[in-house]
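Please read through the structure below; I'll follow up with questions.
Labels A, B, C and D are assigned to the chains in the order they are written; within every chain, residues are numbered from 1.
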Amino acid sequence: MNKLGLHANVWVRDWGRDDCVLAVNKTAELGFDIIEISAPDPKALDIAFTARQLDKAGIRANLSLGLDAESDISSGDPARVRAGEARLRDVIAAAGDLGASHVCGILYSAFQKYAEPPTAAGIAGAVEVLSRVGEEAARHGITLGLEVVNRYETNVLNTAVQGVELCRMIGLPNVRIHLDSYHMNIEEADMELAIVDAGEHLGYFHIGESNRGYLGAGSVDFPRIFNGLARIDYSGPIVFESFSSTVVGQPLCGILGIWRNLWDDGEDLARHAKTFMLAHLQAAREGKAEPRRSALPA
Amino acid sequence: MNKLGLHANVWVRDWGRDDCVLAVNKTAELGFDIIEISAPDPKALDIAFTARQLDKAGIRANLSLGLDAESDISSGDPARVRAGEARLRDVIAAAGDLGASHVCGILYSAFQKYAEPPTAAGIAGAVEVLSRVGEEAARHGITLGLEVVNRYETNVLNTAVQGVELCRMIGLPNVRIHLDSYHMNIEEADMELAIVDAGEHLGYFHIGESNRGYLGAGSVDFPRIFNGLARIDYSGPIVFESFSSTVVGQPLCGILGIWRNLWDDGEDLARHAKTFMLAHLQAAREGKAEPRRSALPA
Amino acid sequence: MNKLGLHANVWVRDWGRDDCVLAVNKTAELGFDIIEISAPDPKALDIAFTARQLDKAGIRANLSLGLDAESDISSGDPARVRAGEARLRDVIAAAGDLGASHVCGILYSAFQKYAEPPTAAGIAGAVEVLSRVGEEAARHGITLGLEVVNRYETNVLNTAVQGVELCRMIGLPNVRIHLDSYHMNIEEADMELAIVDAGEHLGYFHIGESNRGYLGAGSVDFPRIFNGLARIDYSGPIVFESFSSTVVGQPLCGILGIWRNLWDDGEDLARHAKTFMLAHLQAAREGKAEPRRSALPA
Amino acid sequence: MNKLGLHANVWVRDWGRDDCVLAVNKTAELGFDIIEISAPDPKALDIAFTARQLDKAGIRANLSLGLDAESDISSGDPARVRAGEARLRDVIAAAGDLGASHVCGILYSAFQKYAEPPTAAGIAGAVEVLSRVGEEAARHGITLGLEVVNRYETNVLNTAVQGVELCRMIGLPNVRIHLDSYHMNIEEADMELAIVDAGEHLGYFHIGESNRGYLGAGSVDFPRIFNGLARIDYSGPIVFESFSSTVVGQPLCGILGIWRNLWDDGEDLARHAKTFMLAHLQAAREGKAEPRRSALPA
């Protein structure tokens, strides 16, 4: 069975002590196994305090991150590449201290709307950094998830097969693809096949609706998503992500383009998300099992 | 909120006392509000015993029925029409004694594969009977649900608009359409629009998958079904129906064409169905509410 | 590229000389490669005349057939099995004379609503007959397509994996599965995967809408159908099938359960079907090709 | 019947005389009625030359435009608002000279990724400008289409109901909503319902796939799109839009985020798009007509 997770932005925008207590406890109360915490500045996290709350609540945390222009390891600019490597090492260290299993997000480029395509040299530089920090992550027992996102958030990885290509260039078993149904709905020709193409390289999965609101109240064809996960026997984390301007203020609303409020009650949203995920996970497993129920009488 | 129900055939094939106790208690345990009991022979039901079990369990029952060739009120044959009217009166009386709110199913023709189309005279005869028994049902506080089924199970009502037409000919507020997603998947050009076309005439709803197995493990486009129900603010019963040769033996397997076993564990199936229905009901409500969240700043 | 075909019932109900001339010429005019002719009584076809019309029009014909109760080779009854084998030999002989490449349909059981499940002995008998007539078909260069249909039309083959199982029992390269989107929409848990599961056993394909009317005006998820065909590089015939009471009279309306008229103008219907099929065939090929367009800059 | 159109970027990136001749002739050859020409700098278009080519080819052109930061009429900055009004007047004048029926695009804000939400004062300013230039457009017989786009391309109009709200604030019959399936797939809770909600305010429609490549090779649920258009009897233009880095160079690739090449052969793409649109337009009409075919025998 997959561990189910919840992004902390469903509850809080920051990660002060009160935020931490609230978000960790609510996540555990609803029966999720994981909380995913945004760590744009990993050194600012109070790791010891967070770890204690997680222990008390009986759940675990993963950290996620998008690099920025100043730390863009695909930029080809030595100073930025060095800054990016340092940030990645910081987040891996924090994750290690937190007992996290995964660090994920846009770990290979800036999280921004680019104006120019990537260059081969820039990508080679990112591969080099990710190979080094991937080995460092392995020492902490951490898997890196390279999040494949839409064209407005990176110019490097927009499709699963690009993610597979990058993972192969890196060549480490703990550097994997991180797919997200919100982004796949924009970029993939066939979402189910994209998951199958990712196959054993898939290490992390974000469930999000097309408009980033309630699951099922948008255009993502979720049966295809869950059928794909069932077909490859994906056993990694599945984490629900949703954003509302009620919780997420600036600058994140601006970065993500959240211009309208898709929900007010994060608890209702998250409870529904869990129900929705469980219903679809089981439906996909039953659908996959169906052919073995079709034997002719013998 | 809609009352959610479960067809008794998920648990049992017959309705002896042990069957009754098992089915009623299991249905209540899973948190359903209604159990739907097949009543091909309403006089054979032990109404008093069943009523006591329902009371103890805190749920209610509805009765369903398909007429047969010998009681086909659309046949134009006076003896069969009379026999059909008697059966309908019997099931209404039993439902009244049981405190049921609905009697539903193929109440207007035989439940069979026809070889010839219906005739205008036959339909007029069915309308006449349904007008009389509809008034009788009203006296018991019972709504009749005329189930629209696929071409292999009747030659009269295969689409929602045909159901609306028949309801209008009958002209009673307690004689309504009963739609079923399994049948709609075969017959309706647009399942969501069919529900909208049924509108206030819709009185009962069956949720079933395209192959009559686990919800979501087939080809029914359930978001359209639940969006349709949300759009007309449908507040009536929604009852899950599924058949497996594990539970349902002959002759019902033969009548329904159940040639393979789509599940073994009715409790797992029913629990999943409830989760699936709740997830989609809420998603549809949220989707419907979404536009009011889109106001421009003023 | 697949050869595209049209079922003769789009034009005519019988196969007199006028019917033949009309149907063959119209089919060719619209640019189809194949006409599929129902041959319940293969000896009644005027093969020489039909062959001349096909030659003049520059298209080819296939023959299709459903056995009946009296010729049910899955019945276990020696007389019926013998009668079925004789009918199959007749249709193969006719198809050979006609220069057909395929004989397809419900060649393994009666085309009827059964009341009882099949027996192992009955299926073994069908396998024996199909092995013999399959070899006979091979001598004429003909592929047999065993049509997988819904539960109301046979009790033997309702899913693709059952079809694969039967084909394996027969073990001849020219005895293959014939799938039909109309039936798959009812029976398959995942239509795309069913086609993938059929794989190299797939020998014939019927395109039909869920209500057997205009393609796209029903509930079949055609992208999944065409994606499946693209994924296995299916190169066999794809034949459009649709029925209206305008053309098809009794007894076929009764056998098929055609109780309402879904179209009046077969020419408009068929022209649209070709456009629809071409649009989806190409979309599926492009979708399949998409990943190779995703290479990272190198 | 709707007029079908093609965006000029399928053929060319600029609008020199050779570009104009090629694009206009190819568009006409494929049987489209309209070519949509990007007019970021309307004064740079050779209107007289273009008009002659259109006349010779027997088709018509529409102009489209996204304002930029310097001409953002929703900015609240008087100089930018004035600059925006001037650009809108220029494009309307050019369109009038060209005999165009529509000017469309992001006419109400900059075409850019915003970092902050819109303000009520900014929107009021845009309404004021659009009211004036809308009246000017009416004098030229031109309808303005306010394109509702995704969150990464504007912060003002992301959903159809927001578009209706803005149109109502403007209150002119020739200022309407312009919807685009590519953007709707990201933003709308229910694409079909969004079209129904737009209703008589809908004035222009862009058909695009989720990844902006071949229609059908992505995740847009096109039957819902075309069903919506059929339900409101939409009779305006439907224009296919697709972008490939093969044709579109910088800066447009950067603005649109086109990081991979989704096609090489614009002619094949456009021919397929027409086939796809015609197949779905007719399917939607037939589906809408289906209920009237369901009458009971009388």
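The working rule: a residue touches a chain if its C-beta (ideal position, glycine included) is under 8 Å from a C-beta of that chain, and two chains touch if they have at least 3 such contacts.
Just so it is clear, the model here is predicted, and its values are computed rather than measured.
Common partners of chain C and chain D, by the touch rule above, are A, B. The interface with the greater number of C-beta contacts, when A-C is set against A-D, is A-D. Although chain B and chain C carry the same sequence, what matters here is overlap: shared residue numbers make up over half of all numbers found at their interface. Per-chain Cα centroids separate chain A from chain C by 46 Å. A separation of 34 Å divides the Cα centre of chain A from that of chain D. Residue positions 117-118, 158-159, 189, 211, 213, 217-218, 260, 286-287, 290, 294-295 of chain A are each in touch with at least two other chains.
Chain contact summary for the complex, chain C toward chain D: residues 211, 213-218, 223, 260-263, 272, 275-276, 278-280, 282-284, 286-287, 290, 293-295. The touching residues of chain A, when paired with chain C in their complex, are 117-120, 123, 156, 158-162, 165-166, 189-190, 192-193, 197, 227, 231, 286-288, 290-291, 294-298. Contact residues on chain B toward chain C in their complex (touch as defined above): 113-118, 150-152, 155-156, 158-159, 184-189, 191, 210-211, 213, 217-221, 245, 250-251, 253-260.
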